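The structures considered in this document are given below.
What follows is a pair of complexes built around subunit A, which joins subunit B in one and subunit C in the other.
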Partner chain A sequence: MDVATQILISGLTLGAVYAVSTIGLALIFGALNMLNMAQGGLLALGGYIAMWAMQAMGWPAPLAALAAMAAGSLAGGLIFVAAARPMLGGEGFETRIFIATIGIGLMLESVILKLFGPQPQAQSLKLEGGIMLGQVNLPWQNALIFGTALLMLVLVAGMLNRSRLGRAIRATSMNRDAAQLMGVPIRRIYLTILMLSGALAALSGIMISSMSGLLPNMGADPMLKAFIICVVAGLGNVPGAALTAFAIGMLEAVIQYIFGVQYAFAILLCLVIAVLIWRPQGVFGQKEVVRL
Partner chain B sequence: MSLLEISGLEVAYGVQRVIRGISLTIKEGEFAALVGPNGHGKTTVLRAISGLARARAGEIRLDGKALTRARPDRIVAAGIIHVPQGDLLFPGMSVLDNLRMGAYLPEAARDEARRLDEVFTLLPKLRDRQTQTASTLSGGERRMVGIGRGLMAGGRILMLDEPSLGLAPIVIDQIYELVQALAKSGRTILVVEENAIRIADMADRMHLLDNGAIAWSGTGQEFLSSPEIFATYLGG
Partner chain C sequence: MIRSPVRRDVVIALVLFLLMLAVPLLTGTRYVLTQLTVFFIWAVVASQWNLVLGVAGIFSLAQMALFAVGAYATAMLAYYIGLMLPAAMLLAALVTVGVSLVIGFACLRLKGPYVALLTLAIGQVMYLLVVNDTACFTTPASGCLPLFGGARGFSRFGDLGFRDLLGSKWYVGHYYTGLVLLLAAQLFCIAIIHGPLGLAFRGLRDNPGLALARGVSRMRYQLWVFGLSAFFTGLAGAFHAAHFGVVGPTAFAFAMLLFILAMIVVGGLGTTWGPLIGAALLMWADEGLREVSDWREIGIGLVLAGCVILFPKGLAGIRLRFSQGRGQRPDAPPAPPPHTKPV
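After this line comes the complex of A and B, so read on.
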């Protein structure tokens, strides 16, 4: 019983962290057919900005989180303006933007390395303490992560399904030409998606670093996992990505408990490969659905 | 009064020049048809007008205002509505949401309820299918949603790319009845049609596209009474 609770707590926390960063990637892929390889850099950016805002500036935690999200959003917007927009509509957009964003991600990491140094640091934006549920300790930080993630998912779902902007995003993902013929300014939509995704990545970066600390390349593993989640869900499928994120988080927690942390990623990858052999288009694969 | 004026329009895909300097005008309230065989550039002309394809040369004016190389959303806002070949519905959205996307721009959105009612009056079948997902509709229903979505946008001129494509003869008749009713109500219409004979007794004016150039323009009656035009350009 206690073991199950323990696994549930860490699985849901992992799932929440993955979901927040993955839905951004899924939105970008759904609308632009673009794999944003700078995601890892954005995760680190978010983590470091939050820490810096609290440590160096003395800002309160909520303000530090907002600052990190603003920085992530700005960086996402810059990725669109400087790299994606000039390449849009050209030959081989998918490959070129893939390479370009790898470069941008590396640049982000180098800048962070230069400014903050290579040594691991602790995330200051973190709740201490916890509450005992029976024999199991529920750390406040895990509860905060889960609650924040849930709030974000609800907000993004509401935006996608209920707002004019959300309808435009879904229309653009389903059919770019048709969206333009309805008067949707798709470049502005793309910019908005990249900014939103950048903010979500920054938030996810705070969550990740609150659990495993800050390092300039801290985003590499989570980014890989986020892409795996996207592929398992079916590329571009936003609600599928959120659900898959929680499933993978739970699975990882179970594997960690049974086999130990060092095997978790490898076993996870084997399972993912098995899933993709069974359903190459992804579990929710049906390219054109973007509904949360 | 000419509403839409196209002069010297050229469009190329890579090095291949697909539209080679065409000029045509469409008057306010006119029912115009652009006809021509498969692959001669009809769709490309419409895509250039609505900004989806880039004009390499030439000018496009609506009401005297230049729209050449403007962004598609600006062109829609100016009043050029394009119902594309093959419908291009939003497959994961309901019929209602597809129609509402037609009224995406603020001016149309303010008038959404009234327009929706108008569309449902013209196409009663859609009223019953509002909640159905677009990807599950039949070909004829899809076409109706495509046209209905265009009507939601309002606009000054409605361009329909092959509204009969892939439909059974009886459904084609229904669609063209609708198009004719729209024309009678005073709308300016430009229809692209592969079957010139079908459109000739409806259209006020026909433009024959041959290999990316306008080979002949005239009234539908003139077209029907000149069999040699048909033989020369449409392969007899």
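After this line comes the complex of A and C, so read on.
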């Protein structure tokens, strides 16, 4: 029973962390057909900015988190303005933006490396202590991560389903041309989506670094996991991505307990490969009909 | 037929080959020759990857994993079975083709970005399985050795025999081996690009409806290109192992994958000579940036992003752009691609 609770706690925490960064990626892919490979750099940026704001500037934790999200959304906006907008509609957009964002991610990580150094650092934005649930210790940090992630998911879902902006985003990802003909300013929508996704990535970066510490290349593995979650859910499917994130988080916690931490990622990837061979369009994806 | 593109490309390849043949006679500097040998290896990988990515349109990131398969297979065949290295290299290239076909069957049913992520994941799985394996398979004098070499990898599995043949000038032998490998790989590229496979992909790009109706199956031809190009990729990995005498998990490194990708993108995706131009340019720039090695990563990132944004067709494409005369703008926005969203 205690073991099960422990696994549940760590699985939900992992799932919450993954969900926050994954919905950003899913939004971007849904609207722009763009895989943002700079996500890893954005995760690291968020973690480092929060640490820097608390240590060097002495800001309180909520303000530091907001600063990190602002930096993330600024970086996301820059990616759109500098890389995605000049290419939009051009030949081979998917390939080119993929490669361009790899380059941007590399630059982002190198700049962080130059500014903060290669040695691992601890995240200052972190709650200490915990509460005992029966025999199991629930760290406050995990509760905070889970609560924040849930709040973010609710906010994003509300924005997508209830607001004018959300309706425009959904329209754009359903059919870009039709949305544009109906007067949706798609470039501004794209910019908004990238900024939103940058802010979510920064927040996720704070969460990840509070569990595993800060490193300039800390975003690489979480980014790959976030993409895998997107792929399993079906690229561009936002609610599916959030659900899958929690499922994968639980699965990872179970695998970690049974086989050990070092095999968790490898087994997870093998499972994903199997899922994709079974359902190439993702679990929640619809089969696409290609029209010529 | 004198101006036919095939003949032109073959002539260029042979002239370059003859020029490079003379280099060791003109300069005996070991540094220059070994750098060029490494250039040959990366040029082979870049040219084959370009076939997959640029010509066949398969968004595969498994190319470095296939390269590593070639390197590991060579080392393991030579180390465990005691095969001569040249034989081990050829066998390893065939093993790589086998592995690539398995990956191809799993991935090629998927669409663009799914293929990219899945192949990236496959490479990562291989890396993790190699590095995390700590159970001893054999225990040589140097200590415990896992089946796939673990984090340390393999060393001392023999060499190509040039040390006995040429003595202290062994690296000249490696230089010529690499050069011949590159020539073979480049001739293969020319054959693919101008041959039936290249035509099939051009048809699929220019008029998919007609091509499909004429029975041109995208997946079947993609599998052909994927498998065939894996041969030279594996051979390049095998030669890399033989040249350096060590094989380790660094062969899977993401940084290396980016470096090769940058070569293709800078040179020109889908062009015949772009990958070689890109490989030469980036290796030269990399040597130049060695003094300021802190900036190397930033430089590569900047080059990668800048080139795809500013020169979508790479350096090889700039020449095309100028030769098409004024007035016409080949980079003018093309007709929007057919919409493939479910309706």
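Side notes on the structure shown:
Here is the rule we go by: the second predicted complex is superposed on the first by the 286 of 292 C-alpha atoms of A that agree within 3 Å, B and C clash if a C-alpha of one lies under 4 Å from a C-alpha of the other, contacts with A are read in each partner's own complex, and residues count from 1 in each chain.
Assume a contact is a pair of C-beta atoms (placed from the backbone, for glycine too) under 8 Å apart; a residue touches a chain by one contact, two chains touch by 3 or more.
Computed from a predicted structure; not experimentally measured.
When both complexes are overlaid on chain A, the residue A:265 reaches subunit C alone and has no touch with subunit B.
Once the two complexes are laid over each other on the shared chain, residue contacts for A:25 go to neither subunit B nor subunit C.
Touch criterion not met for A:43: it reaches neither subunit B nor subunit C. Touch criterion met: A:227 reaches subunit C, while subunit B stays clear of it. With both structures placed on the common chain, the touch criterion links A:114 to subunit C but leaves subunit B unconnected.
Touching more residues of subunit A than its counterpart among subunit B and subunit C is C.
By the touch criterion defined above, A:206 lies against neither subunit B nor subunit C after alignment on the C-alpha atoms of chain A. In the superposed model, A:175 lies in contact with both subunit B and subunit C. Put simply, subunit A uses residues 174-175, 177, 288-291 to touch subunit B in one complex and subunit C in the other.
Listed in rising order, the residues of subunit A touching subunit C in the complex are 29, 33, 35, 82-83, 86-87, 89-92, 94-107, 109-111, 113-114, 174-175, 177, 220, 224, 227-228, 230-231, 235, 262-263, 265-266, 269-270, 272-273, 276-277, 280, 286-292. Interface residues of subunit C facing subunit A in the complex, by the touch rule stated above, are 53, 59, 106, 109-114, 116-118, 120-122, 124-125, 128-129, 132, 208-209, 212, 254, 258, 261-262, 265, 269, 294, 297-298, 300-306, 308-309, 312, 333-334, 336-343.
In the complex of the two chains, the subunit A residues touching subunit B come out as 164, 167-168, 170-171, 174-175, 177-186, 288-291. Listing the residues of subunit B that touch subunit A in their complex gives 50-52, 71-73, 76-77, 81-82, 84, 88-93, 97, 100-102, 104-105, 109, 149, 153.
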